[in-house]
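Chain lettering (A, B, C and D) follows the sequence in which the chains are written, and residue indices restart at 1 in each chain.
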Amino acid sequence: MRVGVLTGGGDCPGLNAVIRGIVRKGMQEYGYDFVGFRDGWRGPLEGDTVRLDIPAVRGILPRGGTILGSSRTNPLKQENGIRRIRENLSKLEVDALIAIGGEDTLGVAARLADVYGVHVVGVPKTIDNDLSATDYTFGFDTAVNIATEAIDRLHTTAESHMRVLVVEVMGRHAGWIAIHSGLAGGANVILIPEQRFDVDQVCAWVTSRFKASYAPIVVVAEGAMPKDGDMVLKDGSLDSFGHVRLSGVGEWLAKEIERRTGKEARTTVLGHVQRGGTPSAFDRWLATRFGLHAIEAVRDGDFGTMVALRGTDIVRVPLSAATARLKTVDPKLYEEVGVFFG
Amino acid sequence: MRVGVLTGGGDCPGLNAVIRGIVRKGMQEYGYDFVGFRDGWRGPLEGDTVRLDIPAVRGILPRGGTILGSSRTNPLKQENGIRRIRENLSKLEVDALIAIGGEDTLGVAARLADVYGVHVVGVPKTIDNDLSATDYTFGFDTAVNIATEAIDRLHTTAESHMRVLVVEVMGRHAGWIAIHSGLAGGANVILIPEQRFDVDQVCAWVTSRFKASYAPIVVVAEGAMPKDGDMVLKDGSLDSFGHVRLSGVGEWLAKEIERRTGKEARTTVLGHVQRGGTPSAFDRWLATRFGLHAIEAVRDGDFGTMVALRGTDIVRVPLSAATARLKTVDPKLYEEVGVFFG
Amino acid sequence: MRVGVLTGGGDCPGLNAVIRGIVRKGMQEYGYDFVGFRDGWRGPLEGDTVRLDIPAVRGILPRGGTILGSSRTNPLKQENGIRRIRENLSKLEVDALIAIGGEDTLGVAARLADVYGVHVVGVPKTIDNDLSATDYTFGFDTAVNIATEAIDRLHTTAESHMRVLVVEVMGRHAGWIAIHSGLAGGANVILIPEQRFDVDQVCAWVTSRFKASYAPIVVVAEGAMPKDGDMVLKDGSLDSFGHVRLSGVGEWLAKEIERRTGKEARTTVLGHVQRGGTPSAFDRWLATRFGLHAIEAVRDGDFGTMVALRGTDIVRVPLSAATARLKTVDPKLYEEVGVFFG
Amino acid sequence: MRVGVLTGGGDCPGLNAVIRGIVRKGMQEYGYDFVGFRDGWRGPLEGDTVRLDIPAVRGILPRGGTILGSSRTNPLKQENGIRRIRENLSKLEVDALIAIGGEDTLGVAARLADVYGVHVVGVPKTIDNDLSATDYTFGFDTAVNIATEAIDRLHTTAESHMRVLVVEVMGRHAGWIAIHSGLAGGANVILIPEQRFDVDQVCAWVTSRFKASYAPIVVVAEGAMPKDGDMVLKDGSLDSFGHVRLSGVGEWLAKEIERRTGKEARTTVLGHVQRGGTPSAFDRWLATRFGLHAIEAVRDGDFGTMVALRGTDIVRVPLSAATARLKTVDPKLYEEVGVFFG
């Protein structure tokens, strides 16, 4: 049995832990051998491979990034993409493929499995935690810890100065990082993409916070958007989906708060810091177990599936579930957290 | 409505986050007022209280320990203990009580609720994560992160020297911290209380590891015990349960490994470092939500219950569930992790 | 003997450690008592004081911020400012004053000492480390560690993607944080206020780095400025000193790199995260010793002086030395570090 | 010009940063090439080499350990040791040698330089910071930060429980780690090898601390020893120098405190955790600059010297200075810190 492995999409702490789990169990317990594909779907598309065995996975558990490289190459958009992948898999005598990635990567995997009968098992990956098929995805806990630590440090300044502190965190379509780090960090306002925010309401919270205690900390997801009438973000342009340009909502908001409340405001933009570096213990645990269960699914011939977390168990769900529905923050949960606003 | 709050048993990062969640929601949304009881059950037993309001919970979210103090006082073992508690609650006009604690603290709470009709809601707390009624308890993730970071650091020495490194972590009756930190840290041997270990097997893993790569790291829960025949731990004495003295298993094991393999071995004993300091983001999230849901249970008059985590939801279970059964590491899970041994 | 203590200027980890050192030694060894002045020079100006004794300094060692509060109030710019301070000190029977602060705060202190004979001892404070009279100031090491950790995390993304990563760090007039964190983090370009940068040279380094290895990391001090011809920063405006507006150089540079090299670039702006939170071990050591030596200077009647670090010794220098000359990055040192560029 | 590089003695964060500094500057600026010797003096003794060029040093800056391996092999104690080294250096056409290590490694280097005219430059390394020729050595700041963070976490338990907490840190002959981390962590007792401690005095501090505040934290260097009459450490044995066995002083002390004060005491033994893992920003800065200056000394033909830190400058001192005198904690400094005891 020869198994191919690839990682697609954006950076996410834990990718290497998944790979290590797959290879260690696959070689030691099942006697499989492995082919690493380079840079996501570009690997099987171009037959670009890398040695993947036990020495190759030694020491990678605590490392961010992916030893296989990644890309956003989509074979469905390439001429004869699927055919070339099938030919390369066949030429390399690859019996099964484990694809680790997000919505796009797993969408291709699902199609390969459903339409072309390729033996694929998926491992879900999204730092934003916005996949409805699984309780959590790896990388998310790391990102939340990093953002929380940053917020912790801002409290000091908030305590001794009169400045509003705005922190922009990741989350284009879902506010999970914002709501988790904002709650854990004791933020006074949390703004998420799921609910357009009212700048006047934000300013009211800011003002009431100043009265009750010290300067407020505002956590805003990069995809959070103001309500109609407040739509002119920094450069006033719309992106290709007709949304206002998301980049820079933190700085935009800081300026609006300054303008409307007369208080100074400062911005921190954590950016890619949130998705790099060593994974948290939880993410290593989850990623490793995803790897162990993915190779078990291969052994069981349970293709077209994806591993997922349910409570403390790793289960299998249809690959199509990966892309079915974005998991967004439930309004009830947002309301629950709202008790700490202002 | 006046609500009493107490924290009992050992230290655990997140206790203050629970208290803050209770008070913020209770005062702001329900208009309740609060009485803090000092030092666990000693507080209501002796009528020893402390002011508990919004200024009192300001800034405590990231702090370890508990602003209410804690103790292991058991009113069931005190003369007229229950009667004195009832009298003090009545005198202080406390309508409901939220007890945050482990098996012992919640055992008293269950009895107060079941036998004496006291209006009690429980919040489970055990750093060892060994409570079957909930997926996770707060404090555990923090402890695992601390132990994992220590193991990470030991890899450096293991790489460049020929020493076996033994790390003793918490876990008297359950190996959750050992198995999580050992897996996340890439340990080569993990020993847990649930399965007596065979020193010769440990030495075989140690020896094979030296051949394959660099020096091995052995994670051992403080409650792990060798098999019969290896029973003479450091001081040879039995504790009150007839168990060998658990303290010092790490150092004992290091010496046995040295004696049997001829390799040098060094020990790290993390001790209370694992249960102190600021909680991880996950623990703050979980603890805060436990607090919010506990006061909601009070509002609903749902007494005799305890909050618990199921997947990503906070649910209520009978208080008696808290003490029903120790959640130990499933042999299947231990076997799953065993792929990384040696 | 009654001693007043105040902290002025911006936030800086270690301020509380200084205060604790002063009070512990002053009360225990010399039997002095203390008056805390609130919010820098506003305190003695308005006679606004706070209790300052051993219980008041308990537990503050690891805390960021300052228990005394801070401000930028300058009594030299207030009507009768100096007279009001002298009157208040006299009314409160304050025999000596310890002023902890940067150039502005210590400038006032120097004038009070020199011109008005007030008994003042200074403790230097600047997170930017730009004071020539001392080897290091506290807070700086903490800021460098935070920035370095952020850069560490960005390497992961740089490794697996083709994006230029720009990190803007503190440093308006001196590049110490940029050069220390950039070197420690393994940055490929470091830009400091002391030397105007050439965007084409930056782009050349970026391009050569892509060829040799993976994506480059560019560390830029907030006060770094491009050479003539590249002067139009984001909003094109000049600040009150006739400098171009410094805020936003990171984002501006990222856009220029994108425009000129065709590579995607992303920005991280750490902002106040760098000056908040718990101090590093070194900063606690330095700050505590500054406190101990400041009170010793008071005991010796050695007024008009300031404590300073020379090698591993704490020495005293004239207060006027604090404001004499900005300590900037030596061109030779910048060149030394330049071996890692590109 | 071909330059050999070796690392000897115990683990120390920053070794890789030194190597990288040497190679980057030596190849890029001077056009040298390099030979890595494996496992300290064993490398040149046996002609065991490893490729050392720019790709070999890529990415090693943040890594603990040493890519060259280390050992305690002493060629002076090997038959024809010096002759074999000279022959191997000659055979490999090595013109100069950079030796990175502690007292033993640099002692050999000094002899090679002085007696045999070998072209050697030294880089000092001791995690204990006990070298009189330099203000600081790399690795020390990292160890102090790790120990301080552990002490920080213990405060939580100390606050909420009545247990004495004993932390054993590194330091066989000098108490630098103990005194720095103890001061930075706010310990209540600090015991160092330079001054035999009186257990009754320790117990007096413990008891007075309980009265004034919460439970005490005792930091003890592994090499600290009780005064005569208290000499029977755990196993009562003497080591080869006639000293009592140092290992286990923490646990021994905890038991003595329990016996004499009646208070419970718990021990944390950090062990090798202190010397592993990623270096702090300061240690990366210092180690990198040591590397840059060592290769500069080679270029200048300034052999028989060692780089050292004086204030913020890197200077050169005779290699013999490395082994001249142990830098121990000055009694005056210990007294200065003593204000925080009890």
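Rule of thumb we're sticking to: a contact is a pair of C-beta atoms (placed from the backbone, for glycine too) under 8 Å apart; a residue touches a chain by one contact, two chains touch by 3 or more.
Values in this document were obtained by computation on a predicted structure and should not be read as measured data.
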Taking each chain's C-alpha mean as its centre, the one farthest from chain C: B
Whole-Å gap between the CA centroids of chain A and chain B: 30
Chain B-chain D separation of Cα centroids, rounded to whole Å: 35
Whole-Å gap between the CA centroids of chain A and chain D: 41
Sequence positions of chain A contacting 2 or more other chains: 152, 155
Pairwise chain contacts, counting only pairs that touch as defined: A-B, A-C, B-D, C-D
Footprint of chain D on chain B - complex, ascending: 10-11, 13, 63-66, 69-70, 146, 149-150, 152-157, 159-161, 163, 165, 266-277
For the chain C and chain D complex, residues of the former touching the latter: 24-25, 28-29, 58-59, 61-62, 135-136, 141, 144-145, 147-148, 152, 155, 180-181, 183-186, 213, 278, 280-282, 284-285, 288-289, 292, 310-312, 336, 339-340
